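Both complexes below contain chain A, partnered by chain B and then by chain C.
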Partner chain A sequence: MRVGISHLGNLSIMIKAWAQRLGGGLILPPANSQHTLSLGAKYSPEGLCLPFKLSLGNLIEACELGADTLVIASGAGICRLGYYAKTQEQILRDLGYNFEMISLNLSKDRLLGLIKLSKRLSNNASWFRVISALRFGIAKQIAMDKIERVVQKVRAVEQVKGTANRLYAKAIEAIDNADDYHTLKKVQRDYIDQLNHVAKDTQANPLIVGIIGEFYVTLEPFSNLNIESELGKLGVEVRRRTFISAWGKFSFFFNYLGLDEKSKIHKAALPYLKRDVGGDGWETVGEKVLHAKEYDGLIHLAPFTCMPEIVAQNIMSSTKENIPVLTILCDEQMNRTGMLTRLEAFVDLLKSRRRARNNTQHKGR
Partner chain B sequence: MEAYIGIDVGSVTTKFAVVDKDGELISHIYLLTQGKPVQMVQQGLTQIKQQLPKEVDICGVATTGSARYLAGVIVGADLVKNEITSHAVATLRHIPEVQTIVEIGGQDSKIIIIRDGIVTDFGMNTVCAAGTGSFLDHQALRLDMSIEEFANQALDSKTPVRIAGRCTVFAESDMIHKQQMGHHIKDILYGLCQALVRNYLNNVGLGKDIRPPVVFQGGVAFNRAIVKALQEELNTEIIVPPHHELMGAIGAALLAHEEMVSSNNGSKFKGFEASEEKYHISSFECKACPNLCEIAQISINGQVLARWGGRCDLWERSPSN
Partner chain C sequence: MWKTFFEELGAEVVVSPPTTQVMVSEGSSRVVADTCLPVKVFLGHVLSLVDKCDYIFIPAVRSVKSKIYNCSKFLGLPDMTKAVIPESPPILDIEIDVNKGKRHLYQAIYKLGRHFTWNPFKVRQASLAAWQAHLKYRQLMSSQGLTPPQAIAKMTGEVELKAPTSTQATIALIGHPYILYDEHISHRLIHRLEQADNKVLTPEMLTTEELESATTRLVGKAHWTYEDEVVGAGVHYLETRVDGVIGLMTFGCGPDSQMMDMVHRRAAKLRATTFMSLTLEEHTTEGGVVTRLEAFLDMINRRKRRQIEVCV
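Right after this comes the complex of A and B.
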C-alpha cells in the first residue's frame, strides 16, 4: 500500500517515524511550495480557503508520486472542513487519479480511530507494534515542539538574525534521522542547549505577541508567509497555544479523563460568545480575553473566507478586554511586502503603547 | 544649519520633505514616480539640493512608502520606516488632538486611529484598491478632464446619482450605464465620490472607532469633492492639513531627526552625489526550491547592494553588509 498524506507544519516528521516502524509504504509529497499552491488553487473552487487548496495540492503531488491510498482529515464541525474530504476526493477523481480514500474523523474517532487506521494500513500488524510506532512518532512530535518553543524566544533576542532558524532546521533534520528514544533525547537536549547558548541581546526586553486564530494557518509557516520568523526579525517574542503535540495530548488522552484545555478558554469567551461557531472561532475570542493582560498584542491569523474566524474577528473588536489585535487574512493572493508593512506598523504601535504605560506607572509612584 | 530629509516613495508619487532641527518644513518636492522609483529618487535629490541654501548640513535621512527599502539603499538612509508610523508622526506634530487619520493615496488607503497621542489601531486596504487616486485619475482621463475639473464639476452637483462602488470595474460600468441613460456628468462624478467614500468606510474603516477630529491626507485630499463626500458621510468636520500630500515624507524626516538624536553614530547619508551614481536593477528567478521566488537586486559597478523578494533568507542581504 502506498499511502499519501498532506502536510501540516512539521507533522510529516511524526507520520514518517510512525509509518517506518509499521513497515513503510508512506508517500510523502514535497514540502508546501508555490507549486503546491498553484496546483491546489487551480483545481479548487475559488472561494474555498487556503488550507483546502494547499492540502489538495499536496494530495495531487502525492498521487503523482504514485500514492494509491489517501488519508484525508475530516470533521463534523460547523465549518466547511466537514465537506473537505468528500470534495477533495471528487476533484481528484475528476482529475483521473485512482486511489482508495480514507477519511479520518479525528474529532470523533480520536485515538482509537488512529490506532484502527494503523492496523488497517499496516496489514494488521500486532497491537504492540501499532502502539509502539505511534508512541515513537508522538515522542518526535513532542521533541520538535519543545525545541520550537525555545526558538520562538531566541529569535526575538538573538544578535545575529537567522541563527535560531538555522539551528531549528538542523534540529528537525536530526530528529527526523533519530532511530531510537536515546538518540531522540540527546538531539533534543543538544539543540535546546545550543539555542540557549546563542549570543543574545541581554538588554532587550522584547515585546510579546500571541498568535491566535485558525489551526492550519497558525501551524503551517508556508501559509502565513513565515510570520513568526518575520516577527522574530523585528525583535518580537511569539507565544502560541496551538502546537500539534499539545493538541494531540488533549484530543487523544486527556479528554478521555475529562480534562479539556479548551474549557478554560471557552469560559473566558462566554460573555461575548456562548457557543461553538465552527473551526476555532470560539477559542479565538476566548484567547483574546485570556491574554489581554499578559501579552503586548495579538496577531489573529485566519484563512480568507473562513466563516468562524470572521465571526470571531467581529466579536473581538467589541470586547472590553483591551489589547491590540492585528488580523491577517491568509490566501494565495497574499503579498509579503503588504504583510511586512502591517507587521512593522503593528510593532511600532505596541512599542509606543508600552512606553506610554510605563510612563503613567512612573508618574503614579 | 542642521536639516533632515524624509523621502516617501509611493506607487504614483515621490515626495521629499526637508525639516530643520525644530521640525519646521524648509523645503519639499512632489514628483510623479512614473514607474521609475530609482530615477525619481535621484532626480529628487538633485532638485532638493538646488532648493536648499548652501549652509544646510544634512544630518539624517529616512525613507518610507512602498519603495522605502529601495530608496533607503540609494540614499543611504539612517532609518527605513513604514508609512503608517510616518503618517501618524507628522499628523500628531501638526494636530496633536487628532483621533482619526484618513489617508488615501495613489494605490492604497489607510485609516489610523489615535487616542491620547498614541496609535491604537490601523487598517490598510487588503484585497482591492478600489477608491484610490489611480482610479479617479483614470476616470478623469476617460472623461477628458483634469482632476481639478473633475472636483469642480462634482462639487456643482445638486442631485448625485447612486454608483455601485464595491469594485472599480463595476463602478466604471455603472458610471457608463448612468451616463448613457442621460444623467449629468457632474451628478455621476459626485455619485462616484460618495461611492468611493462609502467603499472606504465599509472596507478599510470597518470596525474602526472613528472619532473627531478627523484629518484627511494623501494625494486624494486635493479633491475637494471627496472631502465634501467624506464630511457628509461622517457628519463631522474634516481637517485637511497644509502639505497633506507630504505627510509621509514629513513624518519620515521627523523620525530621522529623532533617530539621530538617540543614536551616537553619524548619518549614513551618501550625500547628494548619490544622484549621479549609476544604479543597476535586475531580477531573476531563484531555482533552489519549487517556490521559484522572484529575486530583485540593486547593484552599483557590479557590486550588489541589496536583494529582496525571497520567501526564505537565501538571497537576502541587508544593505549594511
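Right after this comes the complex of A and C.
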C-alpha cells in the first residue's frame, strides 16, 4: 500500500516517523512549491481557498509518484474543510488517477480514529507497535515546535540575520534523522542551546506581533510567503498560538477531560461574537481581545474567500480593543514584494505607536 | 412563516422592500471587499429598515437538519450586523440548531416570544400557526410548480396567476433562493426566460424527497444546509433531461464554489443537458448576463433542431 498525504507545515516529519516505524509505504509528495500551487490552482474551482488548492496539488503530485491510497483530514466543522474530500476525490478521478480515498474525520473519530487508521494502513501491525510509533512521531513534533518557539524569539534580535533560520533548518533535518528518544532529546537540547548562544543585539527591545487567523495559512510557511521569517528580519518577535503539537495535545487528549484551551479565548470574544462560526473565526476575534494589552500589533492571516475569517475580519474592526491589525489574504496571486511593503509600513506604524506611548509615559512622570 | 409567528404575537411586521442598487452599494460599503454578495445585500436591507422598526429579527440558523450545517456567514450574521451597523435597532437573535435537541429549539423560540408576551401558550400557538403557514407554502410550490414569490403572493391573495403559455424549452435554474428570486441581483433572469417562452423550473418545485435522493446519488450525505437546492436539484434536473440547466451563484460564496463544481462535473459526464454556470456579483452588468443568456438559449435551440433533423 502506497499512501499519499498532503503537507501542512512540518507535519510531514511526524508522519514520516510513523511510517518508518510501522513499515508502511509512504509517498511523500515534494514540499510545497510554485509547481504544486499551479497544479492545484489549475484543477480547482476558482472560488476555492488556498489550502484546498495546495493540498490538491500535493495529492496530484503524490498520485504522479504512484500513491494508491490518499488520506485527507476532514472534520464536521462548518468550514469548507468538511467537503474537501468529496470535491478532491471527484477532481482526481476526473483526472484519471486510480486510488482509494480515506478521509480521516478528526473531529468525530479523534485519536482512536487515527490509531485505527494507522493500524489498517500498516497491514495490521500490533497495537503496541502502532501506539509506540505514533508516540514517537508526536515526540518529534513536540521537539520541532519547541525549537520553533525559540527561533521566533531569536530571529528578532540576532545580529547576523538568517542565523536562526539556518539553525532551524538543520535542527529539523536532525530531528528527521533521529531514530530514538535519546537522540531526539539530545538534538533538541543541542539546538536550543545553540540558538540561545547566537550573537544577539542586547539593546534591542523588539516589537511583539501576534499571528492569528486560519490554521493552514498560519502553519504552512509556503502559503504565507514565510511571513514569520520576514518579520524576524524586520526585528519583530512573532508569537502564535497555533502549533500542531499544541493543537493535537488539546483536541486528542485534554478536551476529553473537560479542559479546553480555547474557552478563555471564546469567553473573550463573547461580547462581539456569540457563537462558533466554523474554522478559526471565533478564536481570531477572541485573540484580538485577549492580546490587545500585551502585543504591539496583530497580523491576521486568512486564505482568500475563507468564510469564517471574513466574518471575523468584519467584526474585528469594530471591537473597542485598540490594537492595530493587518489582514493579509493569502492566495495564488500573492507576491513577495507587495507583502514586504505592507509589512514594512505596518512595522513602522507599530514603532511610532510605541514611541508615542513611551513619550507620554515620560511626560507623565 | 416568521411573519405569521410575529403577527400571532401581536407585533407589527415590517418587511424590507425589494433590493435596489442603493441597498447593494450601501451594504457593500460597510464590510470588507471579499464578503459575499448575499451578505452585502442583506446588510443593505437592514440599513433600509433602521429607522422603521424597534427590533430587527436576525436568526442565526446553525442547522435545520441533523448533522448538516449552514455556512459561517449565516452563523455570524447577527454578530456581524451588530458590528458593522452600530446604529441598528436591537437585534432579536436566536440560535436555531436541531443538533442540540428539541429542547434547545423550543427554548430558543420561547425566548424569542418573550419579547412580546409573557404567556408561553401564546408562543406555542403562534409557532404552530407559523408552521402551518410554512407547510402550506411548501405544498403550493411543489404541487403547483410556483416559485416562492408567486406562492407568497397567492397566500396573501394578491394576484391571480395566469397559466403558462406554450413553451420553447424547459430550463431549470439551480441556486439559493435568495439569489434566484432577487430580481435585482439575478437581473430578472426568471422573467427574461419566461419572456422568451421558456418554462422555468426551480429547486423549490421539487419535493424534499426528490431532492434528497438526488443529492445522495452524487455526493452521499449532504454537508451543507443548501446542498439539496444546488446539488440535489442540479442532479435531478440533469438526469430528468430538461433542455438546459443554469447554475446561479455569487462571487465569494464558499459552499457554492464546491457544490456547483460537483454539478458541473456531473453535467460534463452525462453529456446530455446543456449546463451554464453564471457567477453574479455587484459589478455584473445586465448586458453581460443577457448576452450569455441569449447564447445559451441559441445553443439549446440549435441542439433541439439537430435532434429533429436526425429523427427525420
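Heads up, the rule we're going with is that the second predicted complex is superposed on the first by the 365 of 365 C-alpha atoms of A that agree within 3 Å, B and C clash if a C-alpha of one lies under 4 Å from a C-alpha of the other, contacts with A are read in each partner's own complex, and residues count from 1 in each chain.
One rule holds for everything that comes next: contacts are C-beta pairs under 8 Å (C-beta built on N, C-alpha and C of every residue); 3 or more make two chains touch, one makes a residue touch a chain.
Computed from a prediction, not measured in an experiment: that's the story for all the values here.
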*For the three-chain model obtained by superposing on chain A, do chain B and chain C clash or fit?*
fit
*Is A:Asn314 touching the first partner chain B, the second partner chain C, both, or neither of them?*
both
*From the CA centre of chain A, what is the angle out to the CA centres of chain B and chain C, nearest 10°?*
80
*Of the two partner chains, chain B (first) and chain C (second), which one does A:Gln90 touch, if any: first, second, both, or neither?*
second
*Taking the superposition as given, does A:Ser132 touch the first partner, chain B, the second, chain C, both, or neither?*
neither
*Determine, under the contact definition given at the top, whether A:Arg275 touches first (chain B), second (chain C), both, or neither.*
second
*Figure out whether A:Ser245 sits in contact with chain B (first) or chain C (second), or with both, or with neither.*
neither
*Of the two partner chains, chain B (first) and chain C (second), which one does A:His35 touch, if any: first, second, both, or neither?*
first
*Regarding the shared-chain residue A:Gln194, is it in contact with chain B (first), chain C (second), both, or neither?*
neither
*In the superposed arrangement, which partner chain does A:Leu329 touch: chain B (first), chain C (second), both, or neither?*
both
*Which chain makes contact with more of the residues of chain A, chain B or else chain C?*
C
*Once superposed, minimum distance in angstrom between C-alpha atoms of chain B and those of chain C?*
5
*Just which bits of chain A does chain B share with chain C as contact spots?*
304, 313-314, 317, 329
*Show which residues of chain A lie in contact with chain B when the two form their complex.*
30, 33-36, 162, 165, 225-226, 304, 313-314, 317, 324, 329, 333, 336-338, 341-342, 344-346, 348-349, 352-353, 356
*Mind pulling up the chain B residues that touch chain A in the complex?*
66, 81-85, 116, 118-122, 124, 126-127, 207, 289-293, 309, 311-313
*Mind pulling up the chain A residues that touch chain C in the complex?*
45-49, 76, 78-80, 82-83, 86-87, 90-91, 94, 272-279, 281, 304-308, 310-315, 317-319, 327, 329
*asked:* Under the stated contact criterion, what part of chain C meets chain A in this complex?
replied: 31-32, 34-36, 60, 62, 67, 69-73, 75-76, 78-80, 82-84, 86, 93, 95, 219-220, 223-224, 251-258, 260-262, 265, 279
